[in-house]
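What follows is a single structure, written as structure tokens, with notes after it.
By written order: A, B, C and D. Residues from 1 in each chain.
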Amino acid sequence: MKIGFIGLGIMGSRMAANLQKAGHELVVHNRTKAKADDLVTGGAVWAGTPAAVAGQVELLFTVLAHPEAVQAAALGEQGFLDSLPERALWVDCSTVNPSFSRRMAGEAAKRGLRFVDAPVAGTKQPAEKGELLFLAGGDEADVDACRPYFDVMGRAVVHLGRQGMGTSMKMVVNLMLAEAMIAFSEALALGESLGIPRELLLESIPGSAVAAPFLSGKKVKIEQNDFEADFPLQWIYKDLQLVATTAYEQGVPLVVGNAAKEVYALAKRDGLGEADFSAVYRLLSGQSK
Amino acid sequence: MKIGFIGLGIMGSRMAANLQKAGHELVVHNRTKAKADDLVTGGAVWAGTPAAVAGQVELLFTVLAHPEAVQAAALGEQGFLDSLPERALWVDCSTVNPSFSRRMAGEAAKRGLRFVDAPVAGTKQPAEKGELLFLAGGDEADVDACRPYFDVMGRAVVHLGRQGMGTSMKMVVNLMLAEAMIAFSEALALGESLGIPRELLLESIPGSAVAAPFLSGKKVKIEQNDFEADFPLQWIYKDLQLVATTAYEQGVPLVVGNAAKEVYALAKRDGLGEADFSAVYRLLSGQSK
Amino acid sequence: MKIGFIGLGIMGSRMAANLQKAGHELVVHNRTKAKADDLVTGGAVWAGTPAAVAGQVELLFTVLAHPEAVQAAALGEQGFLDSLPERALWVDCSTVNPSFSRRMAGEAAKRGLRFVDAPVAGTKQPAEKGELLFLAGGDEADVDACRPYFDVMGRAVVHLGRQGMGTSMKMVVNLMLAEAMIAFSEALALGESLGIPRELLLESIPGSAVAAPFLSGKKVKIEQNDFEADFPLQWIYKDLQLVATTAYEQGVPLVVGNAAKEVYALAKRDGLGEADFSAVYRLLSGQSK
Amino acid sequence: MKIGFIGLGIMGSRMAANLQKAGHELVVHNRTKAKADDLVTGGAVWAGTPAAVAGQVELLFTVLAHPEAVQAAALGEQGFLDSLPERALWVDCSTVNPSFSRRMAGEAAKRGLRFVDAPVAGTKQPAEKGELLFLAGGDEADVDACRPYFDVMGRAVVHLGRQGMGTSMKMVVNLMLAEAMIAFSEALALGESLGIPRELLLESIPGSAVAAPFLSGKKVKIEQNDFEADFPLQWIYKDLQLVATTAYEQGVPLVVGNAAKEVYALAKRDGLGEADFSAVYRLLSGQSK
């Protein structure tokens, strides 16, 4: 059985490669064809449109940048939803907002298709090493059907409930991720301004009780002033926009989360959008100009 | 040699008790005398004023609530600074802002006294168990002179540089503490609104890569809806005010840190000031009324 | 020639009544039929669905609460877009975000229809007195075609450019409105806490150089503690959400605008959503419980 | 009777010149002597220290930049408080926080001196034209004693109550000023990003119901991209810091006011501190680099 895979960016390309390495035959599509080259060399079939992928598979993974991209691939011209065979399973690993996931679930259901939302926790390296964590929402049987593939691409899957609950948990996780990165950057900027050597701060804060563990991985970037993107700043900005929309829909006030969103907005406008999101440190320490 | 100890609140009483347990003779003072009862029963000498403490010791610890309290004890009527013998060593373990510490260092120097700022990381339990971390600023010889006492009250001491650097690091640490607590609370509130069970959130978030390790200790409070204070909310609000003042003095923008400060302000106004600072979760999840 | 009118809330009902008073024959629809009673008594034709309105008119006004409502009326089941005759003119007076307006303009164009976005500045009283200000975007000929009707419902129209520019200006205006209301409320809360009598503040601030003129109208509500809605708080919250979405799309950081949004979120959660948006004063002065 | 005047910056120099023009003999002091040259040429007596001023007068005006400067002039080495004759009247026109004013009132009372806090509303031009508004706190008799001088320097005086109430009202006014300037700047940045011509925005917003009247004066600066300071940005940042301290002391949450403070912090760090505070528009529209 062939597997469809749409979206071959930083995350998708590595996830698809792991499926291929495990022996699965892939039918792939990406907006920019060049990103599919390695997979095609490895035996994957290229499809010129989302619909063309859909015609050849009963299981389809999508790993796209934002809800608009998912919407276009699913429902736009040559979208895949109308071409998937009945009872096919669409697994959306994109980071989107829960109400969008539920809408996609509805569109799938209308067509007799099955849907699982399964965004991932983890960035470039975990994607490469097959160590992602899948946060899944959907019917138990459908999630179970995904497990063999999740096992190849990740280290674990958490089934959080009905459709939309995977992306719900993803909102929660990325809100914390975004705020923790800024907390650390503000703390560094303040500490340095007071004369504490940056090396001392980078040595003592990550690993301490007040620092989220992922910050240990970011300290190297700051130390070396090398902000090549594992997770681009414009993505976390986008995710916070999805979080803000979700919070609005749910009527939950997020004073600090929205403040964090605007700090990333400032950083993006200062030209840091394609850098790693830890580059927000550059804005906060006055080095973004 | 007797040791002076002024300030017997949640932290100070436990720190002084550990000194006493280790065999040190104490001369103690506190605004509310009753809080000295246990120590006096254990052999400590009560002194009616800060000045009266100062007349009997060459080493003085202060653990007070805020800069105004330190100012009053040191320089107010019956303040201790004019009564300490020359070359005496004042160790201020209060959480104050760095410019205030440096001013106190100056006042001490004018009088031929030595000064170390040594605020602590850790709350009620670590204070009780002698497991605090001292963040020290001052001359190396002076910090070394404190080590035997720090060893009794804590598990480690970091010497961060000249006077004021201990409180500088304390600002950095508490800024992160304050923001992480809100990040977690916002994330919980958002997640619950989306239908993720609170137990699942409390199980999966603390301990994960995006959560500061101290949050594992807070999850019990939230689970049991019991917010007895280890670290009162009004203290973290006060600390963020000191951070904001420091950031202003240093010209460092803290968009998120100031937003966090105002969230604690809202929580305090809603009556949560004496609860543990994790009670900010109650505000953010709409339960503070 | 009959005129279609969909959306008979606080604003729409008054606007439609002014058209009727000026002698125009209306075909009306509203989600809740009762709100059309006065107009029907006055001679308007009731239509059971948006599509049913569309079948009878060549000019259609919509005054709906948010983009989702416009989307449903235009493109949902029994939506009007597929039923309007070719070359008909749809004038959307709803407050929506510019990218949504442009999408609607595109949907109209696809069907050979004309489109003008013309949200209004002004609330209940100006709507009633026919003193609204129309902020219009669209082809000059189309805006000109609307002028006789705008003249009946308002005191002026500003043609701001192509489709979407009316709603663009509306975002600008409501952002200022929302922030000014909070600035005034924060200032009042601070002043009162310092012992300045509320009456003195209400007398001296509105009308001064630092206060937006509309605040003079709000001081009565605060004086009398009567927050019946001219402009419900949940609408300004919704508008700020549209502003935030727009700012995200444009890459414009809005630190203060987003902070304002969250203050309204807190007020809404405290039960003030249906009160006038000036009731944010109650939250900020600690009276919302 | 000679009048003492300490502090000859943008505001003080113009205020003193108006007193001199009205025929009053002045004894003046300023940290930088050169700023007194014109007044001395006009007949004023130069005094080398604050104390030297105090020895010659029974009425003393101070117009200084911040509480620290007032503290130094009043209580520092060669400070004036210990040199003023008994029953002398000190009128502090500096913008300081209310608790500081009350502390100065106390220091004055201890020495048998009278004290009025009388900060001004108005910037460079009104100072020059004698059109300031004095916001006064103090005993009625003392405020009355000031009126002849206020009349020369200003157009009106509002007596707001006991000592500290003048500076209380000043906090209220400058909070609104600071927020309104940012609201306008955010609105402009958003509008321009959407394609509304800047000229159109500058023409239509100031003077409208949502814009504080003082913004009409700022539109010229933005139009001409000339931000010479009437009121330097670093002063409004300082004032917001005083407001934040006051709000903390009073337990009043100021979510938006503190967000505004940090926006000015960002602008100052980007080099706009000495520009007019309307230059925050440059930061918000992405032109500060």
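Following the convention adopted for this analysis, a contact is a pair of C-beta atoms (placed from the backbone, for glycine too) under 8 Å apart; a residue touches a chain by one contact, two chains touch by 3 or more.
The shown structure was predicted, so the numbers you read here are calculated from the model rather than taken from an experiment.
Comparing chain pairs B-C and C-D, the larger number of C-beta contacts belongs to C-D.
Of all the chains, the one whose CA centre sits at the greatest distance from that of chain B is C. Inter-chain centre distance (chain B to chain D, centres taken as mean C-alpha positions): 36 Å.
Inter-chain spacing, taken between the CA centroids of chain B and chain C, is 50 Å.
In terms of their C-alpha centroids, the spacing between chain C and chain D amounts to 39 Å.
Counting partner chains per residue, chain A has residues 247, 251-255, 259, 262-263, 266, 269 touching two or more of them.
By the touch rule above, chain B contacts chain C in their complex via residues 255, 259, 266, 269-270, 286, 289. Remark: chain B residues 237, 241, 244-245, 247-248, 251-255, 258-259, 261-263, 265-266, 268-269 touch chain D in the complex. Residues of chain C touching chain D in their complex: 98, 121, 158, 160-161, 164-165, 168-169, 171-173, 175-177, 179-180, 182-184, 186-191, 193-196, 200-201, 204-205, 208-214, 243, 246-247, 250-257, 259-260, 262-263, 284.
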